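Let me begin by handing over the structure; questions about it come next.
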C-alpha cells in the first residue's frame, strides 16, 4: 500500500529534473531527451492516477493508460520530426550547441 | 511491504538515471541513462498493474524512440558538449523557478498525502490488454485515428526534412 | 398557387446569357457571342409574351399574380420576401423591356460589329436586361432596389464601355455618383416604409394604405409625404429629372445602342415606373404629388430649351429624352399614371428608334456626331431617313403617330388636374412646340441641305459648348474610324446593313401604331390602354380629388368633371398647332434661310450662350456641391481627420508597439533555454497562485 | 504456494534452461559448421572427438583462455557493457517461452516455463504479455549492437552498428505486424494461450490446427524479419566480412566476442521457439494417452524441440544457400515488400475475424 503522493512526488522530481536538463544542457539532442523525460514523468502521474481511481471504482479509470499511449504517440512523432530537424540543423551549422543556433537565418 | 521496497528501489533508479542524464557531458551517456529511467519506469508501471503500458513503454520508448536518439547521435558522431556562455536568464530565473515549482508541488503532495490515500497492486485484469483495447477502439476511437494521422504526417515531415536539399 | 408562370425564368435567361458571354465570351467568335446574347434575350421575350398572354386580364389567372419564393431576408419583425409580381403595369414594362431590348440587341450586332470587347458589350447588355426585368417584376421595394442598383451598375459599365477614354470613364462615374444621391433618398424612403408598415412588399403596403382611417390623406408634411418625396428624389436620380438630370447628357459617351436601350427606352423610365408603382403613396400625399408635378413640368421645359442649342446629334436626343421623361413625371404628378405609362411605352418606341436612327446616321457618316457637318443624307441613306422621319413626326406629336395620343392624354390630364393645371398645361404645350422645333432642326440639319463633312469648322461657340460633345465626337470617330476608314474614308456615306435597319423599321411601325391602343374617346377610341391599367390605378381617380380637396381644404368633388369633347378638341388642336409651328420655324431657320440662325444667335448672344451651356447648370453644381465637397474632404476629412487623427492613431500605435518591441526584443534572445526559463518561472508563479488560492480559502 | 519453494523452483528452472540453452547454442554452431560444410561438399570439423562432437567444447575453452584485450581509444565502459547487454537481452526473452505444459517432480507440479506458474488445481498461468516482453527484449537488444559499434571507435564497427540498428529498427515493424494476425486469431498475448488456441481439432480432420496455414503470409514475413533481426544471412550486412571486416564486433575478441556470438545464436533459438509457438502449434503433437506420466509431460517437450530443430536447420540451410543482399535492397525489401504485406495480412485477417464474429 504505497501512498499515491509518492508516485506523484517521484514524477514531480523527474519532471523538474527534465526542466533542469532543458535549462542547463547545451546539446540539442540532450535537450530533446530532457523533454522526453518530462513526458515520462507526466505518464507516471497518468498511470498512477488510473490505478488510484480504479481503486475508487471510477469507470474509465483506464483512460489514464490510453492517455499514456497518446503521449507516447506524440513523443514518437516529436522525436521523428525533431531528430530530422536536428540533422538538418547539423548539416547547415555543423554544431549541436543550442547557443550557436540562436539565429533564424545563417 | 514488497510494494514499498520495489517502488523505492525503482524510484531511486529513476531519479539516479535522471540526474545522470543531467551530469553526463556526452549525449550518448545521457541517452543510456534515459533508457535506464524508462526501463525502471516500466517496472513501476508493472507495480501499478499496468503491464501493457509497461511493455509498450519498453518497446516504444526504450526500444524505438531512444534507439532513434542513439542512432542520430552515432550518425552525427556527436562529441561531448562544449562549454558555451549559456543564458543568464536560464540560470537566474529558470533554475530558481523550477526549484520553487518542485518544492511547492512536493509540499502539496506531502500535505495532502493522507487525504489522497494509496494505491496497491491491482488484480491483474485491471490493466490488461482486453480492457485497454476495448477502451482504445471504442471510446477513444476518434482520438486514436487522429493520432495515427498525426504519426503519418510526422513521418512525411521527417522524410521531407531528412532529404538532403541539393 | 395553382397557376405557375415561372416568372423567374424571364430575368434569369438574360443573366444566363450574361454569365456565358462574360465568363467565356473572350474565347468565342463574335457570331457565337451575338447568337448567345440574342438567343437568351429572344427566349426571355417569348417567355414574357407567353406569361402576359396567359395572365391576360379576364383570364383564369387573378391579377396581380404573385409568385413568391419564400423570404429572402429576415431581421427581427421585418422580413423581405423574394418574389415576382405580375400585374397590368409590370406586363407593359416587361413587354417593353424585353421587346425593345431584343430589337436593340439585334441592332447592336450590326453596330458593334467592328468594336473591340464585343463579348463584353453583350454581356453587359444582357446583365442590364436581367436587372431591369428584376426591377419591373419585383414584388417588393427591396428587390426592386436590387434591380434599381443593378441597372445603375450596368449603365455605369456601358457608359464607360470605351473605358480607355477619360471622358467616357468620367461620364460613367458621373452617372453613378448622381444616381447614388437619388438612391440614397430611395433608401430612406424604404426605411420609412419599413418603419411604418414593417414590410416592403407591394401588396401589403398598398392594402394597408387602403385603410382610410389609419392612413388618411396626408395634407401636411406627414411621413407619407416625406416617403413620397424620398421616392421622388430617387426617381429624379434614375429618370434624370431636375435637379439630378445632369448625368444623362454625358451618358451619351456610351455606344449608341446603349443610349437607345438604357438611356432612352428602359432604364431612365424606371423612375416613372417606380412612381406609378407607388401611386398609392403619392395619391395620399398631395404635397408630394404637387412637387412631382412641378418638377416634371420644369424639367420638360428646361430640357427642351437646352435641346435647341445642341449641335451634337446624340445630345439633342439626350435632352429630348430628359424632356420627354419630364412629360411622364408630369403625368404622374397629375395623377394620370396610366397616361405616364402610356407615354413611357410610346416613348420607348420612338426614342429608341431615334437613337438607333442617329446611330445609323453616325455610322453612315463615319463617326461624325456634329450635325453642322451633316446634311443631305436624305438620298444617301433612305431607310434611315424614312424611319427617322417617322420618329420625328411621332415625337412632335402629329396625328396619328403614337406620341400624339400619349402626349395629348398627358396634356389633357394636366389641364384637368386641380393644381394650377392650366398654367402647367400651357408650359406643356410650349414644350411640345420646342420639342417639335429642335427635332425638326435635327431632321433638317441632318438630312437636307448638302453634306458638309469637315467643310465647316466648328465655331468657338461649339468649342465653348460642352466639352464632352467634342470628346464624344472624337471618340465616336475613333470608335468607328477604323471600320469606316478602310471601307470608304470619311466621304463615303453608306447605308447601314439590314441587321441594323430591320429594328429601325419595326420600331418605326411600332411608333406609328403604338399609340392606337390609347385612342381617347372623343377621337372615337375607347382609351383601351387606360382601362387596361385601370385596375392597378383604381385609386387614382378617387383619392387624387380628395387629395386636391384636402390641399385646398374644399369639399371633394364626387367625381372629376367629365370634360366636354370640345375642350378636348381645343386642347388637342393647341398641341398640334404648337407642333406645326415648331415644324415651320425649323423649316424656316434651317432649310429656307440657313443664315438666319447665326444672326439670331449673334443678336441674343448672351441667352444663346446660356442655353448652349445648359444654363451653366453643370458649372453651378460644380461650384455649389463638387468644389465645396472637394475642399471639405481635402481639408477636413483627408488632411484633418484621416491624416491627422486616424493616421496619427495608427502610426502612434505602430511606433508605440515598435518602441515596446525594441525593449521586449531582448527577451527574444533566440536562446531556447531562456524561453524555457520564462516558462518555468511562469509555471512556478501559477502554481504558487493556485496554492495561495487554496490556502486563502 | 510457499514463496521459498517458488523461488527455489524458479532458480532450478532458470539454471536448467540456461544450461540446456548454452549447450544448444554450442552444438548449433557445430551443426552449422557441419551442415555448411556438407552443403559446400566439405567435411567440416572432424578431429575433436568422434565426428568432431567435442569441437564446441574446444571453441569454448579457446574463447575463455584467449587474452581479453581492450583496444586503445575505445569507450571502455560501453565497450564492455555492450556484449553483456546483447547476451542478457537474448537470455531474457527465453524466460517467457513455454516449452511444454507442466511437469511433476517429487510430487511438486510446475509449468515448463520460467515465468509460468502451476496452480494447485492443475491450471497453468502465464505472464499475459509474454509476446510483448520478447519484442521488448529484442528491441533493447539493438543497444548491444549499436553501442558495441559506437564504443569501439572504429569505422568498420560504426558502419556495422549503424547498419545493424537501422536494419533492426526497420524490421522490427514488419516483425511486430506479422504477429498481429496470429494475435487476432488467438485473441491473447500470452504465449501459452496462443499455443492452447492451436490445440483445437484439426481442419478437415487431417490438417493440424496450426496458424501457419491461415497465416502463411504472416509466417513468411515473420521468418524474413526474424532473420533480419538476428543479422543472419541473407541479411547479415552488419557483419559482412567482405565489406566491413566483421561489422560491429570487429574490435571484439575472446569472451566478449563469444558473448555476441552466443547472443546471436540464442536469438536464433528464441526466434525458432517463437515461430514454433505461434505458427506450429508449440509442443502439441501425438502423445499416447496410456504412457507413463513422465512421458506424458516430456513428449511435448520433445515435439517442441523437434520443431525448433527444424527451424535451426532452416537457418543453416538458407545460410548455406543464399547470397547476401545489397543494403538498399535490404531496406527496400523491408519497407516496400514485407511491411505492406504484413499490413495487408492484418487487414484481411481482421476482416475475416470480424465477419466470423
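Labels A, B, C and D are assigned to the chains in the order they are written; within every chain, residues are numbered from 1.
Everything below uses one rule, namely that contacts are C-beta pairs under 8 Å (C-beta built on N, C-alpha and C of every residue); 3 or more make two chains touch, one makes a residue touch a chain.
These figures come from a predicted structure and were not determined experimentally.
**Student:** Nearest chain to the global Cα centroid?
**Tutor:** Checking distances from each chain centre to the full centroid gives A.
**Student:** Can you give the whole-Å distance between the Cα centres of chain A and chain C?
**Tutor:** Between these chains, centre-to-centre, one finds 74 Å.
**Student:** Per the centroid of Cα atoms for each chain, what is the distance between chain A and chain D, given in Å?
**Tutor:** Chain centres of chain A and chain D, defined by C-alpha means, are spaced 33 Å apart.
**Student:** Return the distance between the CA-based centres of chain A and chain B, expressed in whole Å.
**Tutor:** 5
**Student:** Suppose each chain is reduced to the average of its Cα coordinates; what separation in Å results between chain B and chain D?
**Tutor:** Roughly 29 Å separates the two chain centres.
**Student:** Can you list the chain D residues in contact with two or more other chains?
**Tutor:** None at all.
**Student:** Which residue numbers or ranges of chain C touch two or more of the other chains?
**Tutor:** Residue numbers touching two or more other chains: 669, 671, 673, 676-677, 680.
**Student:** Quick check: what residues of chain A touch more than one other chain, meaning two or more?
**Tutor:** 19, 23-24, 99
**Student:** Check the chains against each other and report every pair that touches.
**Tutor:** A-B, A-C, B-C, B-D
**Student:** In their complex, what parts of chain D are in touch with chain B?
**Tutor:** These residues of chain D touch chain B: 78, 128-129, 132-133, 135-136, 138-140, 142-143, 146-147, 149-150, 158, 161-162, 165-166, 169, 172, 176, 189.
**Student:** Given the complex with chain B, which residues does chain A contribute to the contact?
**Tutor:** Chain A reaches chain B through residues 1-10, 12-21, 23-27, 29-30, 32-34, 36-37, 40, 43-44, 47-48, 50-52, 54-55, 60, 62-63, 65-66, 68-70, 72-81, 83-88, 90-91, 96-97, 99-100.
**Student:** In their shared complex, at which residues does chain C touch chain A?
**Tutor:** Answer in residue numbers: 669-673, 676-677, 680.
**Student:** Which stretch or stretches of chain A touch chain C in the complex?
**Tutor:** Residue positions touching the partner: 19, 22-24, 31, 98-99, 102-104.
**Student:** Taking the complex as given, what residues does chain B use to touch chain C?
**Tutor:** Interface residues on the chain B side: 86-87, 89-98, 100-101, 104-105, 108.
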